[in-house]
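Each of the two complexes below includes subunit A, the first together with subunit B, the second together with subunit C.
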Partner chain A sequence: MISIIYFSLFASIAMGCGLYLLIAKHPLYGALALIGNMISLAGIYSLLSAPFLGVVQILTYAGAIMMLVVFVIMVLNTAHDHEVPRFDWRGVYLVPVPAALALLLLALVYFNSPVADATALRGTAQNISQFMFDTSRTDNGYWILFEFIGLLLLGAMVSAVLIAKKRLSTHKEDV
Partner chain B sequence: MIDQIIQMTLNLDMPQMSVLEWIITLGKFAFVFIPLAFIVVMIFMERKGASLIQDRLGPNRSALPVFGGLRFFGFVHNFTDGIKLFTKETFIPTYAHKVWYVVAPGIGFLVAFLTPAVIPWFAPLTWWTGDHISQVSGMIIDSDTGILLMFALSSLSIYGTAMSAWASNSKYALLGGMRATAMMISYEVSMGLSLMGIFLLAGSFNLQHIVAWQEAHVWGIFVQPVAFFVFLTSMIAETGRAPFDVAESESEIVAGYHLEYSAMRFGLFYMGEYAHIVIASIIIATLFLGGYAIPFVSTDLLRAHVDIALALCLGGLGTMIGGFHLMVRRWKKVYATMGAKDAGTRNREYSFLQFTSGVASPVVLALAVAVFFLLNPMAATTVDGTPIFPAWVSIAAAAVQVVVLIAKAFLFCWIWIWVRWTLPRFRYDQVMSLGWKILLNLALVNLVVTAIIAKLVTGVR
Partner chain C sequence: MTPDLMAVQGVAVVLFCLGIAVAMTRRNIFFILMGVELAINAANLSFIGFSRTLPAAMSLTGQVVPLFAIAVAAAEACVGLAMVILIYRARESLDSESFANLKE
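== the complex of A and B ==
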């Protein structure tokens, strides 16, 4: 009962924020709506007995990544922002994609409804760490994938720094 | 009983709890007001600390009009400040964004109310009710995500700064807000990474487990000195206090993000800063100074001798009041020989303080002696190898532990003030290079070294 109340609350906030993100006039309001969406999603994760996932959602997405987005919007904030049309007809061509995705999900749930124990804890910090880093498991573990993703992100970061540095140095040479 | 009522009216799935458990579980929510209570003391401490470091007297004019002007050493100044902030005009600039201008200052302040929920204020209470052991955690939210939740909430508080800066529609404010944002992003990384070492050792994000680990082994500051340094520095940067107050440096960008704010809206920023310091102090005390734990005294030992602990607390308080009494007596003598114009009024004030402390000190000391002789923690019943005490023993021990935690937090509050009035402001590029080039690398190296040593020593983790 109480979880249904909370779910409808979070879901309606998430839907409202998502809609506002699409129709917001100023990019900053869109970003703030996205933050609201992410926070309510974190609430839904916690309701699905995955508190760690919810907290990480707020910490990385709402806290860090969206902060960067807001920062960039503020840096690039120009007077022309208000001239961006609120609705673009070309956007209509993209509507089938999310519609198809939603239909696919609905069909999946209808024909093959997932059975899960609602009371079991799935996404706690301990569960996730055991699931990902237990090297003694014989079935498919995730720790080597995790290492690969870590390497990939490190490479991306190093190349980003390199590109930024290069631009700075050429700028100096120009001057 | 309460749970039955709630279950009948709302048809909720509530755990079965006794009345005492309900009272404590709901009463724990009062801890969210501790940062607020601290703010009043912190502003007073800041003024007095500044005057101590700058070799001046500090606030000494505001006085209650009784007993020849009771000043309480400048404490009354806080209340006159509050009256000023509440009665000034709440001004909104013409081209400001009205909604965000009004809402934004509240965000940071709201977070200050939420973060105390993850702090363990006392060891989990355990007592025997009829047929089972009742257990109440010392945190409001007892989740294994623990301190990550606090980081998540405090990372949201920067939106208050950023949005207030943006909504003011002022270039200085926007510059300040962007500096605050950039600093927050930079220092959050090293703040999180520096704690990984202690999470690794304690094996949990839950602050209760971390304190229990420190209680059983050694304080975090001794096993993780580098992490302590990095975390303290990042926390000072996060609160945006000098020497890291580039976001509001008056010599460069007037007043930064709160430039356009007046009256209590400015007051919210001002108080939010102190609330942030208090939360940070309590977190550092919990992570590195053993939290509520008393050195060399385990929770079970404290509960077994809770009468002695309470008597020592009260005795310490009585001795402090007695020392204050002697101090006032000496001031009075010195003031009489100075031949000041207002000797009469000051004499009346000092006489009042001397009288009240002279009465309070013996009363509190007598109370301490009474507690020592009259209270007597009943012998514990041992259940599954752990001693279980009556409910009042657990609660009394919890009260002592809250006092211990707050005393440790005050130590760090003082460090914040000390640092602010000692170091000059860093330049913006210095702040950035300290964050990215020194603290982040120190935190990473600390994590690797801790992991290797932990592997060698414990062998399993």
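== the complex of A and C ==
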């Protein structure tokens, strides 16, 4: 019973913050709404017995990624974009297509009625790390995917530094 | 006692539609990035909701995939914000209409 109360609370906060992101005037308010959305989603993850993912969501999404977004918004705050309209109404015609696809998938799920499996494991840090790295128990390649993610993050960091550098020239003398 | 899985999927669909709507209709380039982030979050929520329907050790697959999705989203935000800084320097504007010079 208490989990249903918590779920409806978190779900209404998440959807309200998502709606506010759609109508917000300044990107900083939108970013704050998105942080609220991510924190309430972390609560929903914990209710769905994935506490490790809830913590990672708060650390990485609401912490690191949104900190970067808020920082860049504040750095570029001098732009005179208050006069331009908020919406580009031509894009509205494209919204129904993915929305209809998502609703179709939801209808498919509804007619197959998902039932919770009682033997599903709780996603604690111990269970998830054993699942990912203990190759004697599960011989799947998640650990090598983990290494590739590290490589991808390193590449993203290097390319972000190269992209945002002041001078980016192909001439040999002023590189 | 977990919440109703159908309600979880409903919330995920609502958040996904909101994210797509933000990414497609807003003109400010930050809102486009944040709309994509919202849609990724909705997909993660759907994964975790479905992971409850799988038996024993299989159920952790639905929680490892969002873990990787979060890491890829971090890389995407990193490069995306660097590109925002780059195109802001070129045009002195954050309006996506001012980057539409292929249209003319």
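Here is the rule we go by: the second predicted complex is superposed on the first by the 139 of 175 C-alpha atoms of A that agree within 3 Å, B and C clash if a C-alpha of one lies under 4 Å from a C-alpha of the other, contacts with A are read in each partner's own complex, and residues count from 1 in each chain.
Just so it is clear, a contact is a pair of C-beta atoms (placed from the backbone, for glycine too) under 8 Å apart; a residue touches a chain by one contact, two chains touch by 3 or more.
These numbers come from a predicted model, not from an experiment.
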Superposition on subunit A - do subunit B and subunit C clash or fit: fit
First, second, both or neither for A:64, with subunit B first and subunit C second: both
Subunit B versus subunit C as contact partner of A:108, first or second or both or neither: neither
Touched partner set for A:125, first subunit B, second subunit C, both or neither: first
Which superposed partner A:9 touches (first subunit B, second subunit C, both, neither): neither
Partner chain in contact with A:151 - subunit B first, subunit C second, else both or neither: neither
Touching partner for A:35 - first (subunit B), second (subunit C), both, neither: first
Superposition-derived comparison: subunit B or subunit C, residues of subunit A touched: C
Contacts of A:56 with subunit B and subunit C, given as first, second, both or neither: both
Lowest C-alpha to C-alpha distance for subunit C against subunit B (Å): 8
Interface residues of subunit A shared between complexes with subunit B and subunit C: 1, 52, 56, 64, 68, 75
In the complex with subunit B, residue positions of subunit A that touch it: 1-2, 28, 32, 35, 39, 51-52, 54-56, 58-59, 62-64, 67-68, 70-71, 74-75, 77, 124-126
List of subunit C residues in touch with subunit A within their complex: 1-11, 13-22, 24-28, 30-31, 33-35, 37-38, 41, 44-45, 48-57, 59-61, 63-64, 66-68, 70-79, 81-86, 88, 92-97
Parts of subunit A lying in touch with subunit C, wherever the complex brings them together: 1, 3-4, 7, 11, 14-15, 18-19, 21-22, 24, 27, 30-31, 34, 37-38, 41, 44-45, 47-50, 52-53, 56-57, 60-61, 64-65, 68-69, 72-73, 75-76, 79-81, 84-89, 91-92, 94-95, 98-99, 102-103, 105-106, 109-110, 113-117, 119-121, 123, 127-128, 131-132, 138, 142, 145, 149, 152-153, 155-157, 159-161, 163-164
Residue ranges of subunit B in contact with subunit A within the complex: 10-13, 143-145, 148-149, 151-153, 155-156, 158-159, 162-163, 166, 174, 177-178, 181-182, 184-185, 188, 204-205
